[in-house]
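My structure is below; once you've seen it, I'll send some questions.
Labels A, B, C, D and E are assigned to the chains in the order they are written; within every chain, residues are numbered from 1.
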């Protein structure tokens, strides 16, 4: 079947046309590939409409010693323990459910899969692989507590008032 | 490659008398139909490639346009502040121009509806299917009808001060009268005009009318829908 | 595609809308006489907010070679940094003087204005005039100065305010005394203002303002003192961002 | 020329994978050329052969093809634009600003979409007039002309509904003026306007309705009618080739 | 020919048949499409970020600057304000104070302000389009954004969007708002603050109900012709009326005027001799009339306060019988005047009348003379009064104040440019429009009603600043971010003392419990501070406390009973809850305490730089003279004053010493020992 074509391809006009068609199809393929790459660029948002990771938790006076306060909108626990104030992420380390503080039991419990944590974030039981995250917390110049939700601490840190 | 016309196919002018799809052979004695296989080409690749080339040219032009000319974006919509002039998309500006002259029921409903109905029924009316020149038959009677129609329409337009419609209409009527003149040694243009059926005249009038109104609405209307020059920067 | 030069042109144009408001004089007036020199009469060393018009107009005078005023001589004002004049050129009046209203540019700092005249041979003579534009912080400092400091630190009295400067045993430094004040670091100035003279073994006649003014207000005062200093204050060394 | 064109096509597609997808190879023989059209979902609406005359530029000006081309561009640009668009007030307008200023190539896509939309309206009008002057609406193509008119209307509605989406002054007032035209209709006008806008004025409801019309209902309708249009071309005797009809 | 032939064959080669055209055009299309990402990559802001990194590279702190630099689009988002700000994308150095020497935008660091630059965004203050990332769209007026960058000189207006009260840092805004109130702008134009309260005028325009009793028609006409010719400080604008209109207006005003309840007492005899003039002048001075009224001196300078009208040409205006009544009791003619009721005797009134009656200016009235008006003229005058809105400011019998007489200006700061008709020669920006409108209203249309004001350029700038603060954003500002104005309290003292205080118009100068003027000290805790005997004496004969002050307490010639009433009220009511005035018993101070206090006074505290204790030695005259402190103040007040004077009298110039208890005690001991009644004025420079 390809025999006559080969013969014809010796015709310079024909082979040139063939080259052009190949060029054309190649260009279209290149354009498609480029569109894929650029599509990735396009789909990546350049700006985000997300709340700042840094949360102002107000004055330390609002957190009396020995209390655990859950800040629902920002997904935080502010705990005033014996060593001082610290911030825990309320997001379960298992699959990201929002945990809840059970004052009657004195523990943090996850409604999704039953993970339980102590008030220092350490795991009591459940599928959660790790303790709750400790977040960076500090006092601003105006005396407000600031928590950076994006920064997990490897060591325990307290704000003493 | 194609031969000289062997015959001219046409349809009977009176559909009540004859079946619709009967071809009359008017020039030759026998309907010698010749369809050679070499009149046809394969859709793939011939038609497809040509189509692709046409679309690529269009795409090139549009991409160039998009690279160098940004789509308009005005201020955030404010229901309390009507911009002056407030213009519809360009393809409705002919209509908006008519609204300037006629009440909304006429310009906004009646005329578009009539145009739409007219467009839809075009292929179902014999005057449109007929390919015969307007003036080949009943010339004097048709001339009288045309003169009367144009005169009445002109009076109506003058009453409403619609010169944007009047002038193209009179121009078109002029051409029609020109085509109707019976000159033995007429030029090609005259022969061409004379061969045009009524449907051609009506559609051309509509096309010119729509184009003129749209152009006026787009380029010559400024604040308060007043007439301005396109270069005055107020449009 | 990258028209970076707009970056500074546009804010400046915005800063001195005055330029646009006063279209340039279409025709330059024909000089009737020529002088040899131009001297400043009044209106230099004024302090105004950025972009604001100076309180007092700037007045210059054209003199001939003998030192007497020349009427009808051409005067032309020019300055960099978006300073606007109203008018920016003209002829001296019958007293040989020419008056213009000056609006400073949109940037804080000292501005130099050049008033020039030409003599009959086209030779240029000019005088340089210094004005100071203050930004928000300096402006706040200026306000605080007018309330708390000026009575002792400004030796000049006005009809509204009698100076207390000469009643002090240790003469308070006028804030324009750059020769003295430029040598004092920001930290020391802030300390003197906050703690007063007595705490720093200086004259106790300087009271402490640390309890009365906030930290940022004292910063503003220092910024103002730096802004009006003559010779201009040049910070020493490198300093780093504070936040 | 026709005999040689197929030889220009790239080859090396005889493999099993290729055949599993396309069944027939590309046009070495007339049979294969015919199969290439016939066995393709999109191309099978067209006939396998076309009259040579109907392909000449003088006859077609390619206006139909170009209209379809703009429609394709509009679909390709419109879908990504939807990813950065919320049909709500006044978020829609900030989305326009985001497209202009921060989304990579957002400005270009929006421009292309806008200019293609205008081009499509223009091309469809031109197509219609061309068909008229060529007499291509004559029997047996009457009904396809009617479909064409419907497609013209769909094009106008597509363009018009898209006009509101940026929610700028241009959009708001054009739609306000346009929708008040409808209410000039006797008896039903006001009701129709109320239904189209989903309220008594151009507001958040109207934006949402226009968005759904623009992105879902009208494009689907257009696709359906375009398919019918193409199918009817074939069923009504192929592409019109100008001049006198030859009856077979 | 050859070339075109070659071109033709070239194009034929490329596009000659559909296959070749397909190939060629595909390549062209791909090439063109490749421009799209390139154009995206070459956007302005990337160029600025590269330039910034180049700029930073050579600097000594390059490492930390580069580390802090954040590439890519930067966005500040404040959903509660609806603000999206991308300015930091190009303005990379906003928070880099070490780049203070960089003068080129966009890399200038932001000067320190009381707000966090990145926490507040840029467009809140500077306007412009924050969402834009191109220079043109961000800074200037475009089709999609009319609000360009605010010129630097009007920047204070942005503070006014949240701050309704006076701020130390915004003098121009304060002045603008004050001018709006003082020049009667708000009497025609409604200007509301975001809490919905309309601004009120502070200009106290006189009632014209009895104008015929006060002055002549000729004066009214001359005044209407040009108020500033009568008093250069007059706030009344020039309505630019033709002479006929002035004639008819004056006719109408006189015709509408009713007699007031004039005194039945005969007018005092007005002496005319030179000595009387001289005595009148000195009485004018002793009564400290110039605390409120200004008079042009020989050099043409205005000397005196601006609380009351300028009196340079009062003799050409006031009828003598009216002046006599006015000096006896201003309330009879105008119950609302701010003028205190001086207790002047007939002889004093005669002297003052002689002095004031001599203040004439024959040039001002010219040889204007009117024939008795016709009813046509009076009717025309009434029409003019309605047309010009005279009743918006002045009380006129039979004419009601028109509502919505002038356009509301609550949102003038965000008026769309498209809605503005610009006069020729005015730049097409909002500030320029407002300024031009204030400077010369009639340049926009001769039929406009707005009169011509006489304002200094700085006043116009201040007004523009205040008006530019009236934006939609200000109106929509979340309440939590709004700092409301301190509303004037309507405090009134009770009983007889209260009536007396109203009669003496104490609140024109003094503030008590939040009500009153700022010319004189706040008296809210005055009862705690002073001793009763001193107070009674001071009320009857106010002597100089602060030598440096030009505006002083007038002598009202109070009777003993009146002084006692006032003193009793002040001593019982105006007591601070912070401490008891008798908490420190001065009799327990020892001589050593006082000696120690004296050392502190002259040493550590150097009080003598502002105060005088020993008139022969001390020279400071910023603060009050302290020679009679023992008679005037009590020890507890002095003690707490030295602790924190600001808390006792807000706005005082006294520094906040926060002295130790021992120091404060010793100084109190020294100061309350000072009981000499001062007779000698300190030597002036």
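Just so it is clear, contacts are C-beta pairs under 8 Å (C-beta built on N, C-alpha and C of every residue); 3 or more make two chains touch, one makes a residue touch a chain.
Everything numeric in this text was worked out from a predicted model, so none of it was measured.
Student: Could you run down the chains that neighbour subunit A and subunit C together?
Tutor: E
Student: Which chains are in contact with both subunit A and subunit B?
Tutor: Of all the chains present, those in contact with both subunit A and subunit B are D, E.
Student: Suppose every chain is reduced to the average of its Cα atoms; which one is closest to the average of all protein Cα atoms?
Tutor: Chain nearest the overall C-alpha centroid, as shown: E.
Student: B-D versus A-E: which interface comes out with more C-beta contact pairs?
Tutor: Top pair by contacting C-beta pairs is B-D.
Student: List the centre-to-centre spacing of subunit A and subunit D in whole Å, with centres computed as mean CA coordinates.
Tutor: 41
Student: Taking each chain's centre as the mean position of its Cα atoms, how many Å separate subunit C from subunit D?
Tutor: For subunit C versus subunit D, the centre distance works out to 67 Å.
Student: How far is the middle of subunit D from the middle of subunit E, if each middle is the mean of its Cα atoms, in Å?
Tutor: The computed centroid separation for subunit D versus subunit E comes out at 65 Å.
Student: Provide the list of subunit A residues touching at least two other chains, using ranges where the numbers run on.
Tutor: If we look for residues of subunit A contacting two or more partner chains, we find 17-18, 20-22, 25, 38, 41, 46-47.
Student: Pull out every residue in subunit B that's touching 2 or more other chains.
Tutor: Residues 45-46, 49-50, 59, 63, 67, 72-75, 78, 81, 83 of subunit B touch two or more partner chains.
Student: Find every residue in subunit E that makes contact with two or more other chains and list them.
Tutor: Residues 17-19, 22, 25-26, 29, 33, 36-37, 39-40, 73, 75, 86, 144 of subunit E each touch two or more of the other chains.
Student: Between which chains does touch occur?
Tutor: A-D, A-E, B-D, B-E, C-E, D-E
Student: How about subunit D: which of its residues touch subunit E in the complex?
Tutor: Checking each residue of subunit D against subunit E gives 1, 5, 8, 94, 97-98, 100-102, 104-105, 108, 168.
Student: For the complex, which residues does subunit D have touching subunit A?
Tutor: 4-5, 7-11, 28-29, 80, 83, 98, 102-106, 109
Student: Within the complex, which stretch of subunit A touches subunit E?
Tutor: Against subunit E, subunit A makes touches at 16-28, 30-31, 34-35, 38, 41, 46-49.
Student: Given the complex with subunit D, which residues does subunit A contribute to the contact?
Tutor: Touching subunit D from subunit A are residues 1-2, 5, 8-9, 11, 14, 17-18, 20-22, 25, 38-39, 41-47.
Student: Considering only the defined contacts, which subunit C positions touch subunit E in the complex?
Tutor: 1-4, 6-8, 10-11, 14-17, 20-21, 23, 49-53, 55, 101, 103, 106-109, 135-137, 139-140, 143-144, 147-148, 151-152, 157, 159-164, 166-169, 196-198, 203-209, 211-212, 216-217, 219-220, 223, 235, 238-243
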